Amino acid sequence: MSSPTLPPGLAIQKADERIMTLNVGPQHPGSGHMRIIVQIDGDYIVACDPDPGYVHRGEEKMAEYRNYVLNIPHLERPVIHDSCNILYPYVLGAEELLGLEVPERAKYIRVIASELNRCVYTQYWLAIYGIFLGHSTMFMWPAGDRELLIDLLEKMTGARVTHSYFVPGGIRNDLPANFEDVCLRQVNYFEKRIKEYADVFYENPILISRTEKTGILSREKAIGLGTTGSVLRASGVDYDVRKKEPYDVYDELDFETNVMKSGDSYARSRIPWLDMMESCRIIRDALQKMPKSGSVRVKLKPNPKGALGSVYKRVESGRGALGCYIISDKKPEPYRVKLSVPSFRNLIALPQLLIGEKLGNMPSVYWSLNYWPVEADR
Amino acid sequence: MLKDLITPQNANVFVGKLGDILEKAIDKPLGYAINWGRIWSLWPVHIETACCSVEFGAASSPRYDVERFGIIEAFGSLRQCDLVVVQGTITRKMAPRLRLVYDQMPEPKYVIAMGACAITGGLYFDSYNVLPGIDGILPVDVYVPGCPPRPETLIQGCMLLQEKIKRMKARKFV
Amino acid sequence: MSVIAPNFKLSEFIKSILDNLFWILLIMALIGFPAIQLVLFFIEMPVINGELLTPFLALTWLIDPSRSLPIIKAFMTTDLFRVAAFPGFGFAALIAAGTIFVERKMLAKLQLRVGPFYCGKIEGILQLMGDGLKLISKEIIIPAKADKPLFWAAPVLFVATAAAFVALIPVAPGWVVADVDVGLLAVFAVIGFFPIITILSAWSANSKFPFIGGIRALYQMVSFEIPLILSLLGVVILTGTLNLSEIAASQSSFPWIIFLPIGAIVFFITMLAELERIPFDLPEAESEIVAGWLTEFSGMMYGLVQLGTYLKLYAFAGLFVVLFLGGWSGPMIWPPFPEEIITEGIELGPVTAQFPGLPVFSQEMLNGTVWFVLKTVGVIFFILLPRGVFPRIRVDMLLDLGWKKLIGLAFVNIFIALGLLYAGILGPGGIF
Amino acid sequence: MSFKKIRSKKCAYLFIQKLGFKAKLVGELAGNYSTVVLMFGFAVAAMAPALVISRMLSPRKRSNPVKFLPMECGQVPTGEGRTHFMMQYYAYILMFVVFDVVAIFLYAWGSTILYLPKDATLPIIGFLAIVFGAMAFALHQSGRRDIW
Amino acid sequence: MANELTEFVLVSVALLGIGIYGLSVKRNAIRMLFAIEIVINAANLNMVAFGRFLPHSGGQTLALFSIAIAAAEVAVGLSLIIVAYRMYHNIDIADFRSLKG
Amino acid sequence: MSSESEKETVEKKTEDAKLTADKVSEKPTPAKKPAPTKEEPELPAFEKGIADKIVEKFGEKTTITYVKPDRVGIKVGRDDVHEVAEFTRDVLNYDHVDSVSGVDYPADKEIEVVYHLSSYTDPTLSRQILEVATRAPREDDPIPGNDATRLPSLRDIFYSVEFHEREVFEMLGVYFEGHPDNRRLLLPEDWADLPPLRKDFRNKGR
Amino acid sequence: MGTATGIIKALNSGIKHIALKRFTLRYPEEKLKFVGDGYQFDPTTGVGIAGLKGRHMLFHDHCTGCQLCSIACEGVAEAIGMVKVPEEWKQNKKSIMPQIDYGKCVFCGLCVDACPFYALYMTNDYELSSFSKEGLIYTPAQLQVKPTVAQDSEIQISARGATHG
Amino acid sequence: MADAAFLALSVITIGSAIAALELRSLVYGSIALMGTLGGIAGFFLLLDSPFVAMFQLAVYVGSIAVLILFTVMLVKRELIFKKIEDKRRKFVGIALMLVMMVALGAVILDSGIKQITTDEPAVDFREIGEDFLTYYWPALILMGLILSGAVTGALVLARRVDEENGQRVN
């Protein structure tokens, strides 16, 4: 992990004179909820310092005051549009600590909900990626098609984004009547729609030439930096928690992981799109294999107490492996909850990727890291 | 007799009266027109403060499309904007920046507090890093509750704001 | 808690307008008409219909509509009318306004949404007015360390330069503000002013993002000026004139785009770049440099820059039409005026008033204008379309495109034109 | 000379209705251009009031000095706005200055080509060849990053 | 008034004078470039004026030629100034004298 | 150290938990697909092997906290953590750190920092998480960066801990020696209170 | 040439979309339908499942004033406060009932889950924006009001794209 | 009309020429220089040579002025607003200027130039191109060489020599 070097021809004579410091954010269309301090020499970025923490709300501290159930609304707030997935490891861990056993049907419904949520997240990410590339249609189409799945989730859980759907011991309420048909119809249409993105986004020569060969993260670097999710898989490492360490019923479902070798922004932006198609496949498969009836939730005692010990659970969220480390000390409240979030893990790659890039590549490289600032800040 | 009437004082009074009448006459239609323009062209500033920005984005997506109300999202610079939608939690790190953004915007400007966090702190009422609502730092015009508010609720909030602008005085003085 | 004043009623609004009308009429009667008379007495008047326009005559003409037509016609031949209204500023601003509306609606349709809808009841056609009124009543912020004269002047100069560009575009045979015999060169000269205004305004704002944006704009406009100039040389070679009206007239049988498609494509791309439209909107790339050189402009200043941009868009589209699509030429679709209108004029029902010599514009001119507007709108559509389809490109790619690919293509175009000329297909003694 | 000859010979080339109007008096031709200036002036005269009216109508609050700082993404700005700053593409501007001349120069040739014998194209071909050489070199140079 | 050659020549003489004043007084390299431009323009004006009054195309032709050369000169001149500025961080001609050694 | 007794209880409890967990994971897969989860009985042996390797190398310096399916926990003294990390990277093939969590134990007057290691390159380790815990002394009146709460930084071994360690530094006041960039990350620039994740820092009203 | 075909393809796709139907839900005129196909909402009583993100509805005759909802909410957002209701309502012995501050409520539905007497439900009435913070506090009397359900749009998929109808 | 235009142009040209040299800020100086160049273009128009006039506008104002502005913005902010001139030489310069103007003016007014007036039609701009391609073609080639040499030389000059130890400190 040698320190990044400047590109040839960029040695600077008098640093104070030619370098301009730009604050990108927090009020900036290309920063999200964070600030990136970049220093540019002409058109080239020579130094970059991400400054997250604008949405740091102390979730982990607050989780120490609430019992296992009341924590649920809190812990899904970091990624409200991927709320099923961010709750997933916590719920799995809490189930292990509380010694609960989830009914079969609930497991399938959880998988469906989390895959739907993954698509919803990815579509939103794609939409913002469009804004960052100056492509307003690329914002509108995914943001619109995303609503199809949000509609499904709304039918399942009653809420558009913050579902609070997973609880220790299962899910909160059963699927509505006639859900399978509606789900199949809308997911099929959704899949058809996202395939249409190819012409305008992914095979658009301008987009390709803008993102290809920019911000290249080599395989070794990707591993060494501990990146995860699409960033990792774009660099040629085939690692998906759903495959490697299947939780719930993922080992019974039929899907592939997508890997690309090049490790540039283009690969990083294309992998989530391919993943969405796999998600559609998983949803259809799960709808088929799901037991048609049965209980979906084990009844919890009020204020359940966790067993003494600790668990570390992880799942594959829309951004990558999401771990949850819970320490319990036999009280109704967990002693410590730590979310190991993929955004925070991917953020470390940002300075590495940006230095030496052109200023025009900054938004695309930054957002191709599949970064959601609120999650990183917790 | 007529000569007595035409004095400088009387002329002054006459001109003053004329001015008053003119101002009154101009004030209302002009104010109405200006307010009408302001109603239909609310450009929100691009500041995301927390997770409510997801639903703010959804509100400008094709399904809800706030551009129907003349609200365009894609404005980069705060100098051209007139609406701050505080999209959620204001942390102690963000608060001074938010205030600065508000200060740097041109008059007239409006504030919508979106989400429980922006109104009272919401879920984070006991967090160490979150402000209990933004009333302390910005004058809020409309509160939009929810966590996050549905886009419909946000649109309803915008309509309330339009209603409010309609009833505001357009200018202090000509 | 905010206090809300009672609602403002539409009836009061109407009443206040009536009030105003009353006052305006009163002031007109008391001050306006005497003033006009005075002016008419002291100013040299034109001769219309063989009569010297004396004040009394003018008054009678004001009363009798049929006699006022000559005045209008005489006014329409003046430079002021051309500059302010028809082929000049008013016409261009109207098309620019239409463009903004169409752009928003079309983009919305492409993105499967509605676009402006509620402002102005019918599909949001008054949206632009709303924006304009808002902008004009918005505070203008001048940054503290800005260079004030330049900062104030930049938006106005921008509009003015765009207007000067508009002045060179012929709309119909004989209807052009400035019929200049080196019109094409004049166009290049005017285009050359935009980078200067941009960089000056960017420099004057004394802020980082405008400065970067201004420099980007400069690079962009400057680099694409050369392919722009070269891509039009083909047309000049084939017509042998630099006068835009003559170039347009030379295409009465077929437009040059048939023979010089490469030149047209190159010109179109450079046009997009000069207009700073997506995919070449780097100077305003909001995700990189906030709003580029417009970052510090607030209120009406921003509005003026937008107006200038769209005037420029109209002018470029018009130039494309004139150079490659045959300008105003097209089959006659305007219905001919009935004989009696031309000779006798119209009789208006109960109040018997005759308007002899009514068709203020000739049939050819109206037809030409219709064709010109139709073609321009078509070109504008194609200028607007990429905004929905392409992302923004990067500075180095842009410069590469301009300097390597487009200049090469422009020379290919020149050699095609030369080949056509020397092979005897076009030109003196050619087949066509 | 040849140009006059062709003009008198009645050009068979029908596209051109008339050849350029020639001024008898000094400054006669300038009248055509005055309308461009008039248009420029009209736009200034019409748009400057817009700014003035806007200044009159708009509410103004200047109590806050922060408002007049340069805008920098919600951050109190640091450093100089107009820094000594340059992008790496200075070479393109240098090239522009030279090739702009060349490009407009070609119009002197392009607009006369109809009236000239064919062998008059040779000098311009030579000229272009030289300029192409220079341009190739310049483009090669401008690809370098260290020019600014 | 404008129908006479003399006026144009006089204007050009005035410009020439101003240019020479600038060249002799200013030490700012960029200002000196301005002065040079003014002198060149005075010359161009003369050329075109004579070309118009003794109707001959040579005047305009030479003026075009001169403008083109001026563009080349400015490009080289500014490059020189930039090189010098990069070395000395100043644009004072007096500082550049040490260029010679 | 008083934590030993606690550790034993933890071990017992986790064994119980493991049993229940086994039961849970056996139930839903009766006969559908035997393939992927077939080696489940052997797995603890594999994890045991990892644990044994560490114990073999370091002996007394490390203690095994627990061995569960796919999870191994070890505990190291603060002086040896660097060495152990190097060993896990070079010999055991763990190549990155998933998460770094700081846990405050006011009763023990210690702060624990837990590294969760996992591996992308070694396919046999893809299910594994190795938990390396180490403890630093805790001070009641912390002056972050300038007191005894210090640990060696693992950044030169696992680059991926860079931001995590910055976070732990500001959240618990553990100074990492050898970390090049011990700056504040998430909290406001003017934060002057206790590090917030310490147990004696109370949220308002709680 | 790949570039050219790519550009043409993109333009083509863009133009094709101009012909598609608009997806927009024209909100103030149309509202999303929560009734029927798959939605978990009971139009007759006006109540939905606990996750539904609308305001609450309180059945006065069921509420016993047991404060369980308030206790549940304490861990979430402290949105519920118990207030005295007029004695003459005679709904429950302590004559206290929940009052919800929607400036704080996050619509998690945990209070609904917590209520043992099925007195508290969530509805689909989401139009809660207000000019003032006080306007966001809903007293038991306001909570009793049954929301009107005049909503009829849902996503429909046809050959010319998805629409609301 | 033409007289008024001539007067206005003279004032603009000479005034802005003085301003270009004397204004404190280099940026405003460049703007004033643009005024001079534009004024000269106006004279060209008055002299019925629109091609040259437009050439002047496009080349001088459109590109040379841009290059100058750009270079001005490249130098340090203090230098833009600093007056660098010789105090001692100032009066000498002014005297030189006046002497030259008076002398040349006297010569001109004295010479036969005053008699030259014309009624001939102006030269058409197409004749310029014709000239270049026929009579002046060696000059055209020469110009090509000069321009090529200029761009090559300018680019070679503008290249920055990297310093080896110039790594930035951060």
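A few notes on this one:
Note that the chains take the letters A, B, C, D, E, F, G and H in the order they are written out, and that residue 1 is the start of every chain.
Basically, contacts are C-beta pairs under 8 Å (C-beta built on N, C-alpha and C of every residue); 3 or more make two chains touch, one makes a residue touch a chain.
Quick caveat: nothing in here was measured; it's all calculated off a predicted structure.
The minimum number of touch steps separating chain A from chain C is 1. Shared contacts of chain C and chain D, meaning chains that touch the two of them, come down to A, B, H.
If you average the CA atoms of chain A and of chain H, the two centres end up 61 Å from each other.
For the pair chain A and chain G, the distance between C-alpha centroids works out to 27 Å. Separating the CA-averaged centres of chain D and chain F is a span of 67 Å.
Chain D has its Cα centroid 50 Å from the Cα centroid of chain A.
In chain E, the positions touching at least two other chains are 2-3, 52-53, 64, 67-68, 71-72, 74-75, 78-79.
Shown for chain H are the residues that touch two or more other chains, namely 2, 5-6, 46-48, 50-51, 55, 58-59, 62-64, 66-67, 70, 73-76, 118, 120-122, 125-128, 130, 132, 143, 147, 149-151, 154-155, 158, 160, 162.
Across the assembly, chain C contributes 2, 4, 110-114, 117, 135-141, 180-181, 185-186, 188, 203, 208-209, 212, 218, 222, 225, 240, 242, 286-287, 290, 295-296, 299, 388-390, 395-396 as residues in contact with two or more other chains. Listing the residues of chain C that touch chain B in their complex gives 2, 4-8, 12-13, 16-17, 19-20, 23, 104, 108, 111-120, 124, 126-127, 129-141, 209, 284, 286-287, 290-292, 294-299, 302.
Contacts from chain H toward chain C in the complex involve residues 27, 31, 34, 50-51, 54-55, 57-58, 61-63, 65-66, 69-70, 73, 125-126.
Listed in rising order, the residues of chain C touching chain A in the complex are 107, 110-113, 208-209, 212, 278-279, 281-282, 285-290, 387-397. Within the complex formed with chain B, the chain D residues making contact are 56-61, 64, 66-67, 69, 71, 74-76.
Only residues 30, 34, 47, 77-79, 97-98, 100-101, 103-104, 106-108, 171-172, 174 of chain B touch chain D when the two sit together in their complex.
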